[in-house]
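Next up: some structures, all given as structure tokens.
Next come two complexes, and both contain subunit A; in the first it sits with subunit B, in the second with subunit C.
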Partner chain A sequence: MIEILISVILISAIAMSGFRRARMLNRGFALQSLTIALLCLAKGYQTGEYHYYILFLLTLITKVVIIPLIISRSMVHSKLERETDMILSGSWSYIVTGIAVALSFIFLGNFSDYLFRVGCILIITGAILMMGRKKAITQMIGLLTMENGVVLFEISMVKMGSIIEFGIVFEMLILAMIMGIMIFNINKTFDTLNTDYLSNLKE
Partner chain B sequence: MKYVIYIIQSLMLLLLTPLFMGIIKNLKASIRGYEACPVLQPYYNIAKLFEKGRVLSKSSSIITLIAPTLCLCACVTAAFMVPVFFNDGNPFVGNLFIIIFLLGIVKFFITLTGLDSASAFGGMGSSRELFISMIAEPVMFLTVAFLYMETKSLNIFAINTAVAGMAGFDVANCIAAMGFAVLLVAENARMPVDNPETHLELTMIHEAMILDTSGRDLALMELSSWIKLMVFVTIFINCFFPMGMTGAVAFVPVILSFIAYILKVLVILAVISLVECSMAKFRLFRVPELLSAAFSLSLVAIVINFF
Partner chain C sequence: MHINLMIAVFIAAISVSIIIKNIDVISYVNILGTVLLLILSVLIGFDVADRGHIFHFGTAVYIDSLSQIQLLIITTVSVMTALYSHKYIKGEYEENIISLTKAKVYFVLFQVFEFSMIFLCMSNNIMGMWIGLEATTLATAFLIGFSNSKLSLEAAWKYIIICSVGLAMGLVGIILFIYSLNSEINTSMLQWTYLLSWDKGFSKKVLMVAFTFIFVGIGTKAGIAPMHTWLSDGHSEAPSPISAMMSGILINLALYVIIRFYIIIRLADGLQNMRYLFIVFGCLSLIISTFSILKQTNYKRLLAFSSVENIGIMSLGFGFGGVLGVYGALLHSIVHAYGKSLLFLVSGNILNAYQTKRIGKIKCLIRTMPVNSVFLIIGILVITGTPPAASFFSELKILQNGFNNGEYLPAAILAFSLLIAFAGFVVTFMKMIFLNDGAEEYVRLEKDKENILPLVVAVALIVLISATFSSLLNPLINSAVEIICG
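Take a look at the complex of A and B:
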């Protein structure tokens, strides 16, 4: 069961790296978070430790419901439908992501734990998503994907208290809120979400 | 006795193919809320087409005369090389490369037919088909490489036995299955790549190439493309989800395995028709993006399996 969930996370990470439409990216992020929540549930059922259930509930509430709502609200405000000129476009971003995932699997070959490796891979794919896009919303989704990777890291470590889980989840929630406000302000000031224009701030 | 079952299973695959196509049409109609045609309609269509004569273009050569028969022959041979619902792990046919190249013969002769009638549409369709298959071929071979690394065999019967012997699902197997599913859609001209039900100019890839064939030729071409789809579906099932496959030469296990096969095919057909009803066709130049996603999925599957 855990292996199917891990493969869903990997497939969603690779598929999200090439999506153009922000709505599809948002749905992909929600699916990825839902899979991570189910992974927590499965881990909790396997080990019988209660803090996995807490993480499951927190992930379900914040990352599957609240954060996608925030993203879609800021999409409605900024009228962003799709990204037309990306730095890494279309098929290249798929291939770069595929090669990056393969390389990180090779370099992390010493770790037998899948969750650890997949956490690393989510961080790398989130970074690629952030580097390859220009619009602020898609970069925000990239950052949130990296945070998903951090959660997977945290699950793969054995001895960690609930306090760190609370920390990660609420940090992410506040991050998403702040970025939603920032995106609203960027859009109001520049009439676009293209982050290239941010360098116009120079005097 | 087991050779009889081997022959019977492939014959069942060939005989049931138009029925599966009718089921796809029915499912799509019921999803869209249309009134569906009868499930057996493809059989009637084929029978009607076989009664009609052929009309040939003045500029067509011997290719148009022989290509439909050759396509059907290649497809039928490929159908006899895959395990359908019975496999006792003692293979004498079924090298994956032979199956791939047999299906490549079909593609080659269909594209030649499109060029041969000297119409503008046919050439356009041929060029598009080869453009797509040029990008689809690396994915196919990466998937074969993955199957070889996973099971240390290139024979589909041995692969099927080895995958059925594995406990549970593997991460690499699931990811490679996803990549192969994209490939299945692209190779068989289904929806995100090509719309199989219109003759509209913008969407034509497969239909453009067989636009100038008629009567008996058209029946053979349609049959061979249907059989090609079902052979791909059978390879998909047998290489990635071989649950319920039997190797025992007895009546009850074979019937149970047959029912399991039918159920798995129905699930895949339902997924295909759901995708076809819910997605718009991609622009032609966005198809490489889809296939490069499949490429990186198969690459990742190989690496996960190896390290």
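Take a look at the complex of A and C:
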């Protein structure tokens, strides 16, 4: 069961790395978060520890419902939702992600846990989304994907306790809200979401 | 007791900022709140001096002399900036630059920012420290983009993206750190005091990777080069009181979190080489920042680069590792907090009068703003480490330790950078203060008299520290050095 969920996360990560439309990226992110939530549920059922159930609920509420809603709300105001000139084109993104998948499965063989490797891949996918694209909204989704990867790390390696987990999830939510408001402000002031125009501050 | 009162003060101040609709009342309550927090933190200081360290809420809050130093820096600098914010926000509000809601948002975020820093330095839980750091990012992101201009929005976006990625990497480091403990994992392992008495061994390779992640990730927040790119933009575009708080306190606190982890890492045998991380990144910060100082055309940006330089000096002090070096680094962090806040507040006054940040457009300040010029000169002398100021002694101690340890190259880079930074500061600011090209009549501006009180407080504190660091403050700093050096 857990293996199937992990493979869904992996597929969503690979697919997201090449998407051009912000709406598709948003759906990919929601699917990914839903799978992570279900993973927590499965882990909780396996081990019988209640803190997995809390994590399941928190992820479901914030990352599957609220954050995708914030993203789509901030997308409404921008005119073009499609990335036009990308630094790293779609096919190249797939190739880089493929290399990352291969490398993390070769070099991280010591960690028997699949979750750890998939967490690594999610972090790399997030980095590709942040560096290879120019839209502010894609950078936001990239950052949130990275955070999903860190959550997988956390599930696979340590136990944080419910209060700390609540703190982390809550801060992610606030972060997404702040970024959403900032994207709105950037769109209003610059009349674009292309971060190429955010380069007035120089030495 | 005192800690409960602190929480009560915070809740009261924040609810007043939300409910009341009179800017004057809000800002007086803000000042009152910061003063009360200062008094409480001094009272906590007496407890710490008596008992060595205190626990509260079970083991959730832990305060020893290392956190006590940070606590005192936070509360005193906050008092200065709260005093400054009163006239700053009132002026902007009366000139209709900002709305009432925005002014209220400013004060709420100010409180949240201060409280999250206090939470950070009191937390015994290593994840609590991380959560505090992330909370400061969230509170300051809006404050940097406060004016909603193109430049400030750009700086805020850069800040939130770079720092969030940095802190995510720091979280990966912390997770690996806990994993390296080689044992059945339970939640009490997140307590710093529990980790300090850890004797069951570490897996060293994982620990090395973990500390590198922690250093680079949280170092992003500390503004250590080459992860400093957000700092020069963020600190120069934020409103001046916020720049003062970020430069004075926040980068110290990020370094404090790294030091907390470093203290535990030193317990593992064979990881003494980890101190070279501090030395290498410290040298990089020094070189990059000093040469950037030389070519700046924006005075607030110059001050921001000077913060990168000073964080480099501190991390070299911790890297050299002897008692002298660590003592110097701690003393330097204290003096730098007040000196840099003073400079940012003065630069805020100049910005308010001239409405420009360009160095070339400001001339003959000694005629137009004589009072502020005097404070500017004092600030420059303190930050560049001119003797009687305590920063001279802290830099001297770090240098001395470097040469004693035989780290000749880093120590030479430090000495060279101090020289260049001094030259850069003096050349730039002397032009701004004394250059009189006779092109126009320079008369004294009305705005020279505004907002002088916080500057006086800052100078008084610098004088106090310079006079008493070897007597009154000595036990506090020495016991913090003992915690770090073990």
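FYI, the second predicted complex is superposed on the first by the 197 of 203 C-alpha atoms of A that agree within 3 Å, B and C clash if a C-alpha of one lies under 4 Å from a C-alpha of the other, contacts with A are read in each partner's own complex, and residues count from 1 in each chain.
To be clear about the criterion, a residue touches a chain if its C-beta (ideal position, glycine included) is under 8 Å from a C-beta of that chain, and two chains touch if they have at least 3 such contacts.
Source: prediction; values computed, not measured.
Colleague: Quick check on the subunit A-based superposition: subunit B and subunit C, clash or fit?
Modeller: fit
Colleague: Under the stated touch criterion, which partner chain does A:Gly167 make contact with: subunit B (first), subunit C (second), both, or neither?
Modeller: second
Colleague: Using C-alpha centres only, what angle sits at subunit A with arms pointing to subunit B and subunit C? Round to the nearest 10 degrees.
Modeller: Between subunit B and subunit C, as viewed from subunit A: 160 degrees.
Colleague: Could you tell me if A:Cys40 is touching subunit B, subunit C, both of them or neither one (first, second, both, neither)?
Modeller: neither
Colleague: Considering only the touch criterion stated at the top, classify A:Met130 as touching first (subunit B), second (subunit C), both, or neither.
Modeller: second
Colleague: With the two structures laid over each other on chain A, which partner does A:Gly18 touch: subunit B (first), subunit C (second), both, or neither?
Modeller: Touch status of A:Gly18: first partner only.
Colleague: In the overlay, answer first, second, both or neither for which of subunit B and subunit C A:Asn200 touches.
Modeller: A:Asn200 sits against subunit C, while subunit B stays out of touch.
Colleague: A:Met179 contacts which: subunit B (first), subunit C (second), both, neither?
Modeller: A:Met179 sits against subunit C, while subunit B stays out of touch.
Colleague: More residues of subunit A are touched by which partner: subunit B or subunit C?
Modeller: Partner with more touched residues of subunit A: C.
Colleague: Name the contact category of A:Ala30: first (subunit B only), second (subunit C only), both, or neither.
Modeller: After superposing on A, A:Ala30 lies clear of both subunit B and subunit C.
Colleague: Look across subunit B and subunit C in the superposition and give the shortest C-alpha distance you find, in Å.
Modeller: Checking C-alpha atoms only, subunit B sits 20 Å from subunit C at its nearest point.
Colleague: Would you mind listing the overlap between the subunit B footprint and the subunit C footprint on subunit A?
Modeller: In subunit A, no position sits in both the subunit B and subunit C interfaces.
Colleague: Give the list of subunit C residues in touch with subunit A in this complex.
Modeller: Of all residues in subunit C, those touching subunit A are 125, 127-128, 131, 134-135, 137-138, 141-142, 145, 148-151, 153-158, 160-161, 164-165, 168, 171-172, 175-176, 178-179, 185-187, 190, 233, 237, 292, 295-296.
Colleague: In the complex, go through subunit B and note every residue touching subunit A.
Modeller: 168-171, 174-175, 178, 286, 288-289, 291-293, 295-297, 299-300, 302-304, 307
Colleague: In their complex, what parts of subunit A are in touch with subunit C?
Modeller: Going through subunit A, the ones touching subunit C are 123, 130, 136, 139, 143, 146-147, 150, 153-154, 157-161, 164, 167-168, 171, 174-175, 178-179, 182, 185-186, 189-190, 195, 198-201, 203.
Colleague: Where on subunit A is subunit B touching in the complex?
Modeller: So the residues of subunit A in touch with subunit B come to 3-4, 6-8, 10-11, 14-15, 18, 90-92, 94-95, 97-99, 101-102, 105-106, 109, 114.
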